[in-house]
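First the structure, in the form of structure tokens, and then the observations on it.
Labels for the chains are A, B, C and D, by order of writing; each one numbers its residues from 1.
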Amino acid sequence: MSDLLEFGKTVLLAQPFSNLIGAELTAMEEGNAEIVLLVRDELKQQHGFVHGGVISYLADNCLTYAGGSVLGDSVTAEFKINFVRPALGQKLIARSTVLSLGKRQAVCECKVTAVKENKETLVAVAQGTITKLD
Amino acid sequence: MSDLLEFGKTVLLAQPFSNLIGAELTAMEEGNAEIVLLVRDELKQQHGFVHGGVISYLADNCLTYAGGSVLGDSVTAEFKINFVRPALGQKLIARSTVLSLGKRQAVCECKVTAVKENKETLVAVAQGTITKLD
Amino acid sequence: MSDLLEFGKTVLLAQPFSNLIGAELTAMEEGNAEIVLLVRDELKQQHGFVHGGVISYLADNCLTYAGGSVLGDSVTAEFKINFVRPALGQKLIARSTVLSLGKRQAVCECKVTAVKENKETLVAVAQGTITKLD
Amino acid sequence: MSDLLEFGKTVLLAQPFSNLIGAELTAMEEGNAEIVLLVRDELKQQHGFVHGGVISYLADNCLTYAGGSVLGDSVTAEFKINFVRPALGQKLIARSTVLSLGKRQAVCECKVTAVKENKETLVAVAQGTITKLD
């Protein structure tokens, strides 16, 4: 495991909310990050889909990890998310990439997919700004 | 309690993820909604602030309730959120308002504040589109 | 006229594109700005409405003026806009307000209305981040 | 020239504002569109960069063309744009792609680059929703 991924995993474990959700950082390298989440009933809304708040959490966090991979310790300043399909399946995968890197900020994109019986479907796309902590 | 608020509370209780988070719908009337969340350690990130994913959940859900108050059963199609201050305190309050209502969609805004020793501070602002379910 | 408004008008006149569009800064005070644009045919799209690009320009620029009123020389880092009604009428008015002010950035909102026979209708809402130039 | 590109060019020519700006549709195929704009002084702001409103126009319009390539006659419902570099150079190129297609809407992304002495630099990224006209 790379130092960057090991560092990222340590940070994620230090986030009580990420533990409550059950997210796992599965990749982190310069300019990219991937977070996987196994779907369970308590992550759903009233129609049986994964709650939009869970998907927002994944996008927010994965954007920060991609930005953090090039900026160091950083936070999400803002992001925008489009939900494009109801999220159904056994697990969700968020993948984020740095689109542009400045001195203090990185603009990143994130795609969230749902995996159902080995078929992966896009459920949300996000774009946002990650800011380096002073 | 109004019928609308009672209906809204029933829907929120039917969302397993909202129960996991611990959100409470405290107001719902035509064009407005308010959700309150008591802060506890498992909602935080590694620096002791409430996790951005929790704030995103609140904005997402509160936007849907404001939109749903005029559209009926509906979902968040997309939203954008700016995090303006670290979220510290005993509780968070999300308040959402319909800015414009169309036939199938409502555009809504949401402000999220953190209450610390009775002082309320703005921590995030969001804007998004709520779409009526067919 | 206040010094701030006079300064703002000087900056707008120094923007060739704002002259091409024909925008006028009608108010600028700490935390707020207003830009007015008289509608003419060359600002329209193929259906006779004002082009979305014109409305985006207005929102972008008005957000910068509101942010600039408290930050000094600054630029729009990012914004999001929802078009809520087709823009028809004799003039457009953009009004922007600072929602939150940090050291280097301000988060602002903007509402754009169209005035037709003295009736003002909301046509777009925007939210964005203004960043102080170093 | 494909029928789709020819149709797209006809629509762009029917937009007075696109003529005022001077935009040219250079590609349109199912799920993709490209718009090119030659930079001239009247498209700039006070620091000599292309005005953010011009870049917003390009993103907005190119998103609509990508969405329209699969939806037919349609409009931009909303979009979000991050400006990542000052826009300097001889021309701007906007390229947009459909990320997800629904019955009435397409979610699309757009990248805007500036070409200076044959070097292409990313200046803005956008994401938005295109809605089919009824």
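Convention: contacts are C-beta pairs under 8 Å (C-beta built on N, C-alpha and C of every residue); 3 or more make two chains touch, one makes a residue touch a chain.
Treat the numbers as computed from the prediction; the structure is a model and nothing was measured.
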Between A-B and A-C, the pair with more C-beta contacts: A-B
Of all other chains, the one whose Cα centre sits farthest from subunit B: D
CA centroid of subunit B to CA centroid of subunit C, Å: 28
Geometric centre distance via CA averages, subunit C-subunit A, whole Å: 33
Intercentroid distance (Cα basis), subunit B paired with subunit A, Å: 20
Multi-partner residues of subunit C (at least 2 other chains): 77-78, 80, 82, 107, 129
Partner subunit D, residues of subunit C touching it in the complex: 11, 14-21, 41-46, 50-54, 56-58, 60-61, 64, 75-83
In the complex, subunit C residues that touch subunit A: 77-78, 80, 105, 107, 129
Subunit D-touching residues of subunit A, taken from the complex the two chains share: 80, 82, 84-85, 99-100, 102, 107, 109, 111, 122, 125-127, 129
